[in-house]
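Got some structures for you, see below.
Next come two complexes, and both contain chain A; in the first it sits with chain B, in the second with chain C.
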Partner chain A sequence: MRLIYRMALRLSLALIPLIAIWAAVFYFTVADQINDEADDSLEDYSELIMIRVLGNRQLPPLNDGSNNSYSITPVSAEYANEHPDIEYYDAEVYIPEKRETEPARIMTTIFQDSEGRFYELKVSTPTFEKDDLQKAILSLIVALYLLLLPIIIGLTVGIYNQSLKPLYALLNWLDGYKPGKSHTPVPNDTDIKEFNKLNVAAQKAVERSEQFHERQKQFIGNASHELQTPLAVLGNRMEWMLNSMNLNEEQMGEIMKMKRTLSSIVRLNKTLLLLTKIENNQFPDSNRFDIVPMIEEQKELYDEIYAHKELDCRVTLPTKFEVTMNDSLASVLLDNLIKNAYIHTADKGSIAITLENGTLKVSNDGVAPLDGEHIFDRFYRNSGKEGSTGLGLALVKAVTECYSLDLRYEFKEKRHVFSVTLPENETKEN
Partner chain B sequence: MLKWYLMIILSFVMKTSAADQERRISFDNLPSMAQTFVTDNFPSQKVAIAKAEGYLWNTTYTVMLTNGNKLTFDKDGKWQKIACSYKNMPLSIIPQYITTNIAKQHPEAHIREISRDEKNFYVKLNDGTMLSFSKQNN
Partner chain C sequence: MATFAYMKILIIEDEPSLRELMTRTLTSERHIVETAATFSEAEMKLADYKYDCILLDIMLPDGNGLKLLEQIKHSDGGNSVIIISARDSLEDKVAGLEQGADDYLAKPFHLMELSARIKSVARRMRGGQRCLTVGNVRLDPESNRVFVNDTEVALLRKEFDILAYFMQRPNHMIDKTALAEAVWGDHIDSVDNFHFVYAQMKNLRHKLTSAGASIEIKSVYGFGYKLVSEE
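What follows is the complex of A and B.
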């Protein structure tokens, strides 16, 4: 899951209850304040009446125009003892002028006068306004809550996207990075320390890896080059031994075997050299030429060489197909693909070579699929076949990488299928 | 600020709206300073009702005497306000310099209410005049 969705989810999960709690706390606090105000006005009213009673003054009308009302009843001492507290409660009160019963809040106090007589004073004030007010506040809080949540989450997502742009730039660059190919430097125009560090580290890692790659290529190239001389010397000495020394049959036989082994080492070395040359872009010249005759020539050549296997090879080619690449490299490419097909098909099997839609397909009968991940690696071979260096497909891969061609292996309907797109047009060499 | 927050939390811990409601108490439950004040200055009066409001440091006490006087005390029992609607303010409560001043400036009026804070006394006269006196004798 993308980071932003996870963040938004976690944020929602945390905020929804938290803000709900806040909203509830807020609502109840406000509701309490409203109730307190009502009670305060009752307390004031009650004191006012009490002072008037105690001073034997004229009492206010029992029911003033604002629908506040009061009542005073003398009570006994026992009653006063039974009801020691000041009480606040809600009740329905009948308002004579309106001839209606309405919800009101009532406060009861018991006090005594100078003669020790007890009175119960009840004051009441209507509460429907208070209730309306509370309902209004409740709906406002709910609306605010419903509005606030998406705003907060939206804001967070927006800020996140804005702040993490450099991270995504780096991720994009990583997507496009292919080891061994040249690349643009890591984008680093941010002034955020963490991303700076990350980008610099990525750049250094890439450079180190590139350098290592380079050194390795050079090493192989140098090693193969150095090997050529001693191998040649060895071959010459063996020749000389065969020609100049008086050897018996057995000894000559042994030296011939040694020569054969030496040849395969020489061949291997030559192929390695070729491979490094290709990887080092030492075949930069491209020509435009028709590849079809080259394919046909090779097919005929291998038909002859492997005639004893009685293979059936079919070609489906257009009359002409022009490509732009180095002709030696083209030859190496075709050679290795086609030769592989001939070598690795069992006797009396079939091979097919087709060129359609700019894609060359070489397929041959097979028993079990090869490991598509590794067959293009150097020295990977399924079985040690005579004459196989294990580098054939590695060469093919090197050529296709030179021209950024698409190279694939599939095992379909019991056939190994190798497909390569051919460079019709000028391709970017790297 | 902290007091305010604590009040909010307290008012949840108790019944809603109960924080601001008055509760009736007996005279003996008043702080002793308040009791002494009442017996000293209003010896002949009975208590009509004694009430408390708020909790802890926010407590205030109200005493209504049977002659209609209303006395308000803070949490320690120091008087905050004395209101006498019926011309019966005991002069023993009022500092000398204030009574002298009023006798001079407002000879016909009598004091309905006196209250005080850290710095000043505030006096309301029956003709509606409001006066304030700083606490140092001046």
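What follows is the complex of A and C.
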């Protein structure tokens, strides 16, 4: 989920209780205010009536057009004691003029005349309809919410986008970043302190990782390089022993085995050097050539070497397919892909090599899918076959990365399928 | 056995172990060998003596071998120089050959490779062809042809490569895996069945015998072969 969506959602949710609370407070404040006003006028009214009653003057008419009404009831002393002197409350009152009941504010007062008799005076004035007010407030609140929501979210999105531009610039940059590949420095044209810090930190982290990557590459390169001569010396000494000393069969056999082990170390070392060279782009020159004969040649070679496995290798190739790349790298790519299929197919299995629509596919029989995530990693091995360097597919990967080719592994219908899109694009453009 | 002149060779190489092995190999082939471990030592020896062949390491602790090559070529054009370089970079090779080096050997190399190169230098110095001869078999690496008593034997590509490999290493124990790697290249790195070698070997042996060759590729125990001459 994008940050801005989450923020918008949270804002809209947070607005709901806030606006509801505000509506309640608003409602009660308004009601209070109205009651207060009504109470004041009731007080004046009842005072007027009481003065007239006590002074035995004429009472005001019951309907003076103001919808106010009053009633005076004599009450007992006990009743007067039991009830408070002044009391306000809301009630529905029947208004004869209108012939309907209306909500009214009512004030009751208990008073005594000069002869000690108790009276209860009840005055009422029509007041507002609570339901109406509540409904009005509710609909206004909903309207307010609906109005505020787009404004707030719009503002937030606008401000968010504007303020977080540097963050998105950084994220974009990080998306395009590949360790070990050339890249522009982290964009940092912001005067906001936090982003500035973040960009500087990102730049430093990238530089560190670049340095580390570079050092690691150098280390592997140097180590393999330094190993070459001692390994050759060792091999040559064994050679010397084999040819210049009169050894018996057992001794010779042991030395032969040592030599074989040594030659697998030498091969591993050579492959590591090759891998380092490819990763360092030490095969810069490309030329244009037909790759079909190269594939056929490799296929024939492996047919010969693996003749004992009786594999069925089917080839579907166009008559000609020109690519533009370094021919040594092309050879490394094809060799390792094809060799991989020959090595890992069970006896009497089948292999298919096809080149269609610019995609080379090498597929072979398999039992279970391989770990597509790691299959192209160095030294990732499934079979643990002796003598295999575990670098073949890493070489394939390195070559495809060199030319930004698409390399995929799939397991389909009980077959391992490796596919590479070959760099033939120039034909189309020209 | 092939006959060729024994040469006076100067090995300029800073790596002691390699220097020792090179000396031992070439001495056993009855060449006269002198060594120099540094640029200055080499300079001194070159000033004082004349050598038929110089094995020159490009990377020396106290100087660049290419400079030495320049001096050698300026002073006297009569000797052959084989450049040895740990940096198997193309630039070194090109620069070396441009400056008049006769051959280039990338480190690490097999000593048999070295002795084959020396033999070829010796043959060229005598104005001869680059042919390899063992017994009555002559192999021309340039035209890829093989003759037994001057009669050409038609060999297939792989058979020729195998024979060439053995003829460069007469009387040497050759491991079948080393042979396979030399002829089939790195393609064989995961192979555990060497049937393809046996098949080619069988055909080659048959062709050699029917042509009346005086050499034979013998199996040695279970693990290798040796080219022996019946002379």
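Before moving on, here are some points about what is shown:
By definition in this document, the second predicted complex is superposed on the first by the 289 of 430 C-alpha atoms of A that agree within 3 Å, B and C clash if a C-alpha of one lies under 4 Å from a C-alpha of the other, contacts with A are read in each partner's own complex, and residues count from 1 in each chain.
As a convention for this text, contacts are C-beta pairs under 8 Å (C-beta built on N, C-alpha and C of every residue); 3 or more make two chains touch, one makes a residue touch a chain.
The model shown is predicted, which means the values in this text are computed figures rather than measured ones.
By the touch criterion defined above, A:229 reaches chain C but does not reach chain B.
Applying the stated contact rule after C-alpha superposition, one finds that A:81 touches neither chain B nor chain C.
When the two structures are aligned on the shared chain, A:242 is found in touch with chain C, with no touch to chain B. In the superposed pair of complexes, A:73 makes contact with neither chain B nor chain C.
Of the two partner chains placed around the shared chain by superposition, chain B is the only one that A:36 touches, whereas chain C remains out of contact. In the overlay built on the shared chain, the residue A:308 is in contact with chain C alone; chain B does not reach it. With both complexes placed on chain A, chain A has more residues touched by C than by the other of chain B and chain C. Of the two partner chains placed by superposition, only chain C is touched by A:260; chain B is not.
The intersection of chain A residues touching chain B with those touching chain C, taken from the two complexes, is empty.
By the touch criterion stated above, chain A contacts chain B in their complex at residues 25, 28-29, 31-32, 35-36, 39-40, 43, 47, 50-52, 54-55, 84-86, 88, 109-114, 116.
Taken together, the chain A residues at the contact with chain C in this complex read 225, 228-233, 235-237, 239-240, 242-244, 249, 252-253, 256, 259-260, 263-264, 266-267, 270, 298, 301-302, 304-309, 335, 339, 343, 385-389.
Those residues of chain B that touch chain A in the shared complex are 8, 11-12, 16-17, 19-24, 45-49, 51, 62, 64-68, 70, 85-86. Within the complex formed with chain A, the residues of chain C that make contact are 15, 17-18, 21, 24-25, 28, 86, 107-112, 171-173, 175, 177-178, 181, 184, 186-193, 195-196, 199, 220-224.
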